[in-house]
């Protein structure tokens, strides 16, 4: 049984077709990297998976249960964690409150339970001393790590990362990538949309190249980055290499 | 630097010019006032002001399509309309030379020159008011009265003391409110609505128990405005106090006042005022007196 | 904040460079002279206006009828006492308005076709009560409701005055809330919903706390408008400050009583405005976090 199965996923925004029948299967503990040009549909795919966007056609399964058209959307979203490019921390709450909000209101944890869980996670990722700070006092890297902790506090089955380092200054990227790497090592099932090719190569089990709404090519990092089969994949990688990002 | 000196100089010049202009205005105003001995706002015409609507029994006879609601002052019917034309006649103005103008109550005593020669609108004389405008002699001595709904508890009250526990009301701007405060002294804050229409509604809806108005108005209220109401009683003007009376209002210091007073004195002496009161205010004597 | 710290540093350098440039163009003495000229010309202007007014032919009359100190002293105590009714009215009304308007704004934001009738209701309500002049609503409810003759309907004009003001101002304030809600970036809602929070929980915990803080200035504006509109209840007969000043004015034909009422209204506005400024300053830090557009 896969952790996540996506069948023939189709999504349009008005007349603009963004996803044209995407198929994807993610095994438990697997790390999938989604690469592709802007506008290829990476973000949209992730947002469809956690039901933020309604899909036009296709099916999605989380574990063995279909979640497309689920009546209790909130219950589904509890099982999936997502971290966005812009950190989306709640600015009117401090770090602790940001992290404990959902465990308390959604999972029904008591305040001490939620806070213990939060402190554990924050300590694990070196943020324990920031727990009473407000987001505007944190650096971008710290905010993004808090966003990851916030998602993890819900103990999701699956984590989605939507280009989480693209908005960060280069020197702050590493600390975030380290957190994600640790999660991967810990066995978390993850789907990452990313531009960080070397990182993808290091931690992904498989890499999917998205092109114009379709998964054009799938393979191990080595296959994709050194021996891409499709021409468009090659073109894309060449552009990346030229920009010296690989 | 030179530019700045120039700027300052022009500002000072402007100041001087404004000052000169202002004092020239002042001088001009003084000249206008000293023309005729019975001067009017518009030469050859007498302009009389009153409020709209013009209520009975002070005015009567409506003209269809007129801007005057309920009654048209120019019909000569109704006590105040009749008195106004009588005064005009004594001043030498025929009916055709009299024009009426709408003057809301507040405008009668607002500062600045008036658009009317005199305003006749059930305005009671008070010493404080007389500091701001000139009142003529009385053309009607007023008694206050109280109107209640038939069949209510207040309808069985027979004395002023008995009224004290009820919610009373009087229209804003009338001496009726002063009367409530100084003579009746009720325990509940009285209601003081802005218009006659509002006052009448409050009584009709039983939002107040009793409405204090002058006696002639009380008759109109019971006759036409509040069905199933009655005049509980009238109140005497207390001895030693200036009789509550209506006067016409003129601009302070208007020399026309002397002419108007002469007219009123004549009308009183030759019985015209009494006759007009009998014609238009006959009913206004029958209510019991509350002490 | 992330790259902001770099950008901020750059800005500082530019600013420093810029101001060094500007100050090298003027010497210290020059700028002092400009300030002096500005002050002087302002004073001259107001003195000129003052002179023009006080030398107008009607001025003595206007002054004694509008600005008489003796009259002010005489009318102020009673007008102040009547003002307590205004305070009572707007205090009760404002609490109800803030709550009811929030309810309307939330109604308006309910998503999905099943809630369409409720959204429609909220829209019609807001259009209706923003359209009808306040004095009309007060008159219709203040006289109309008791006129129905039903025994359980209160007859007090103060009661109906409060009800009218609540109905009307809730329409305006709900639009203010709505503007606040819509100004919150959709990524906030996305983040909250992604954590599994329901629409209601998202509104309550994430959107509304931010939205309401953002609209404190316009909320205050509407509150000040409400305070002044309490004077309309006087037309129904309740003796609030404006009605009392009308009573005094009509008794003496002197308008200074209006000044007494005006002074009281301004007196409560000023501390309220300063309090709001303080609220805004205190919340500034929590209004925008990193990375959200």
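A few points about this structure:
In order of appearance the chains are A, B and C, and numbering begins at 1 in each one.
The definition used in the following text is that a contact is a pair of C-beta atoms (placed from the backbone, for glycine too) under 8 Å apart; a residue touches a chain by one contact, two chains touch by 3 or more.
Since we're looking at a predicted model, the values are computed, not measured.
Viewed as a network of touching protein chains, the structure reduces to a simple linear path. Distances from each chain's CA mean to the overall CA mean are smallest for chain C.
Taking each chain's centre as the mean of its C-alpha atoms, the one that lies farthest from the centre of chain B is A. Mean C-alpha position of chain B lies 38 Å from that of chain C. For this pair, chain A with chain B, the centres built from the Cα atoms lie 82 Å apart. A straight line joining the Cα centres of chain A and chain C is 45 Å long. Residue ranges on chain A touching chain C, taken from their complex, read 47, 50, 52, 74-75, 77-78, 80-82, 84-92, 101-102, 105-107, 134-136, 138-141, 143-144, 147, 150-151, 154, 167-169, 172. Listing the residues of chain C that touch chain B in their complex gives 33, 37, 40-41, 44-45, 47-48, 51-52, 55-58, 61-62, 65-66, 139, 143, 146-147, 155-157, 234-239, 243, 246-247, 249-255.
Across the complex, chain C is touched by residues 4, 7-8, 11-12, 14-15, 18-19, 22-23, 25-26, 28-29, 105-106, 109-112, 126, 128-129, 131-133, 169, 172-174, 177-178, 189-195, 198-199, 201-202, 204-208 of chain B.
Partner chain A is touched in their complex by these residues of chain C: 1-3, 5-6, 187-188, 190-198, 201, 205-206, 209-210, 213, 285-293.
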